[in-house]
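Before I ask anything, let me first share the structure, which is written out below as structure tokens.
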Amino acid sequence: MARKSVIPFGPQHPVLPEPLHLRLVLEDERVVEALPSIGYIHRGLEKLAEQKDYIQDAFLVERTCGICSFIHALTYCQGIEALLKLEVPPRARYLRTVWSEMHRVHSHLLWLGLLADAFGFENLFMQAWRAREEVVDLMEVTAGARIMLGMCCVGGVRRDLTDEQLAAVLKSMDKLNRQFDDLIPVILKDYSVQQRLRGVGRISRETAYERGAVGPVARASGVARDFRETGYAAYGELGFVPVVETEGDCYARMEVRLAELYQCLHLVRAAVRKMPSGPISVTPKGNPDGEYVSRTEQPRGEVVYYLKGNGGKNLDRLRIRTPTFANIAPLLAMLPGCELADVPVIVLSIDPCISCTER
Amino acid sequence: MTFLNAIFRNLFSRPATRRYPFVKREPFPGTRGQLAIDPDRCIYCGICAKRCPANAITVSKTPSKSWTLDNYRCVICGYCVEVCPKKCLTMKQDYFSPK
Amino acid sequence: MEALLAFVVAWKPYVLAAAALVVAPVIGALLMGLDRILTARIQGRVGPPLLQPFYDIVKLLGKAPIALNRVQVVYACLHLALMMLVVVLLAMGQDLMMILFVHAFSNIALILGGMSVRSPYSRIGSQRQIMQMLAYEPILVLMVVGIYLIFGTFQISRIPAGGVPLLVQLPLVFLAFQMVISIKLQKSPFDVSTSHHAHQEIVKGITIEYSGPYLAVIEITHLYETCVLFTVVALFWAPNPLVGLLLAALSFLFQIVLDNACARLTTMWMLRYMWTLPMVLAVSNIAWLYLRNGASLG
Amino acid sequence: MLQNCKDVTRENLLTEVASRLPLGYRFVTMTCVDLGDAFDVLYHFDKNYELSTLRLRLPKGETLPSVSGLVFAAVLVENEIKDLFGIAVTGLAIDYQGHFILADGAPTAPLLKNPPPPTAPAAEGAPKNG
């Protein structure tokens, strides 16, 4: 009884916090075709960026995404600093790393909660978000805001951390570590979680590479690509090694992210312990001129900023390619052949962030 | 089924949430809640309005001196506080609440 | 006064049935309220007040009635009416087999209601509900057969009050029955056809096209069903009602803990699971009873 | 200026892209820049964190050949460029007909330096569909 039916999945879908629309063609409960469409929340951010000066744009691009906001600002500022040939003081680079990794922790925990919600594990959802509250509070203590830190500016960072605050960061990291120890081994071993994730939405290493997968999606398929390896900010001095899995299924993507949670704690600790003293910013001089492509690693993968200055205060063109944009093509390779019940899990396994995808 | 540990620990400990409108958490000391101005020290130079990334501030000298903030546009970045030559702008810790 | 007493004695089964019709949903709602508080505490939340299910239903009843078609409404009401009949039959001590079938028909009414609309979510939810019935009905039938083998009758009223508790004679069936309760309460890992606590890939599945008072009808049915299920659990230790209540409370707690220790699994997994472990448990229990009866006859 | 940039023409674009793929280059994204009388269409590739870019100078009014037949991942960004700059892209693997990002009644080609005046919104009751 192979009856074809079309299920509209999204954009206002209770399981998907993001306005992604998927037109799913089903045969009984098996997906035979999936076509994505976006465009529900296009904000024209790239156009708006041309109307603000390059200092203000740092605050604007931070609002591209409500989850990895700091790293957007970081990518942008690194690009402008390259155009202006600014040398950022070491303490600023370390502080940027600390905040970047805090953002990664909160993003991955948020994702873990949403994934748990997608496969109906309400308790895990609550526990993940409870742990996330710890790091969000920590960001409020250190930067004065929970998500939109506004701490990254062209030339450095805007707020210094006192020794007490650094000690508080280390203490929070220990607390988080204990919470992770409670949570993460349990998730990885849980029978029902394995039932829902193992072998679901598998893509091979070749497909992942050809389709341009980035971030944990690529790393779960054995593509060892993590832009932090290039050593931007302070990553080059902290002994960073990317987390790689080879299975390429939803479980592997979860494994990568869960391992990265521990790695983030390690990086924050290392950055705080090695924190150099000195100024936290330099004043930018002149205006950006020329083209530059700035890239960093966000929780969802590599983000690409194309910046073009014309010697004036305003940029000629700012283009943002967010990691989710790159991961939609691999997503289309994962969906056909899966069960309807697996669709939310697979969609969430790429950690979609549609609002930043559309900008 | 190893979730049982967490289940029983939570069952016998206090909940992590609070009954929000009745129980409020104190803001942290460095929190950027909302923008406040000391009008006596303001010289109405308009630098804050010019630098504001969200165009939330309007300053005029004529006909009468005025400084207004559109709280719904403000992104609470605190950039104006930094650039103010007279240091008359400050960040309050409590959030702006729509009336 | 004496006339009233005489009336009550003469019409005892009917009075009992009427009382059960009133009390059952109240007990069901309190159980559900307790469930929500316990679940919240397990998850580290404060949780809603105990009477939240009442408030929900009162609110739903106050909404404007909107239905896609009349058939849908008829099926929702049939779902409730048949479930109330289950309660009546149970209170009057009628035939167990009969109760089982009325219960099944009540659920079929829900499925037909879900099938009567064009929403793909509702249809997939209905298909999954059919799968659920396929998964749990055999266990229920085996349970009834087991009771027949012990007492030689399907008639509840003819079951002797004293004697050895059912739990001692049907321990494995009891375990399998716990899984059935989990399915019926829409708990993880079996929460497939409608999502009772959270949302999922088919939104609200079978009940998506119901709203307002009609959704309230389905919710009330659910309250009745919850009460019936835990009454049956309590009946497993009928000689001492207090022990029976304790048994029901333990079963209730088990359901909540299980819900919070598992992810929701897929329909096919549920079917495979229910037809293996609980089925083997139930069948071996029945086989043991049958052999014992045969031996005592010989 | 831009790291590892190489100019290409409309004619040799597809062969240039095709020759990069076997060398292990991964498609990153495309960028379109409005230069006034022409567009700069940049094809960013990556190999071992090393960016390399193909630059196509496309006069306004000319069509852009799609590379989505070679690199499927390019299909989304080509649709986006089609929507936001009003460039006609030929040979798309999936063509959203100008509705990838923009809905009916949205401004046309909003990312041009001088976007055309908004046209009258499309007929009522024509919702955007996939």
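Per-chain residue numbering starts at 1, and chain names A, B, C and D are given in the order in which the chains are listed.
Simple rule for what comes next: contacts are C-beta pairs under 8 Å (C-beta built on N, C-alpha and C of every residue); 3 or more make two chains touch, one makes a residue touch a chain.
Nothing here was measured: the structure is a model prediction, and the numbers come from that model.
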Count the C-beta pairs in contact for A-D and for A-B, then report the pair with the higher count.
A-D
Expressed in whole Å, how far the mean CA point of chain C lies from that of chain D is 58
Taking the mean of the C-alpha atoms as each chain's centre, how many Å separate chain A from chain B?
25
Centroid distance [mean C-alpha coordinates] between chain C and chain B, Å:
52
Going by residue number, chain A touches two or more other chains at 123-124, 127, 130, 190
Residue numbers in chain B touching two or more further chains are 1, 3, 7, 16
Once you've mapped the touching chain pairs, tell me: line, ring, star, complete or other?
other
Taking all chains into account, which pairs touch?
A-B, A-C, A-D, B-C
In their complex, what parts of chain C are in touch with chain A?
39, 42-45, 120-121, 123-124, 127, 188-189, 191-192, 195, 197-203, 259-269
Listed in rising order, chain A residues that touch chain C in their complex are 5-7, 9, 13-15, 26, 29, 116-124, 126-127, 130, 190, 192-193, 195-196, 339-344
Spell out the residues on chain A that touch chain D in their complex, using ranges where they run on.
21, 23, 35, 37-39, 42, 44, 46-47, 209-212, 225, 227, 229-230, 290-293, 295, 302, 304, 306, 308, 316-317, 319, 321, 325-326, 328-329, 358
Chain B-facing residues of chain A, complex:
52, 55-57, 59-60, 63, 123-124, 127, 130, 133, 137, 140-145, 148, 150, 158-159, 182-183, 185-186, 189-191
Residue ranges of chain B in contact with chain A within the complex:
1-3, 5-7, 16, 28, 30-32, 51-54, 75-79, 82, 91
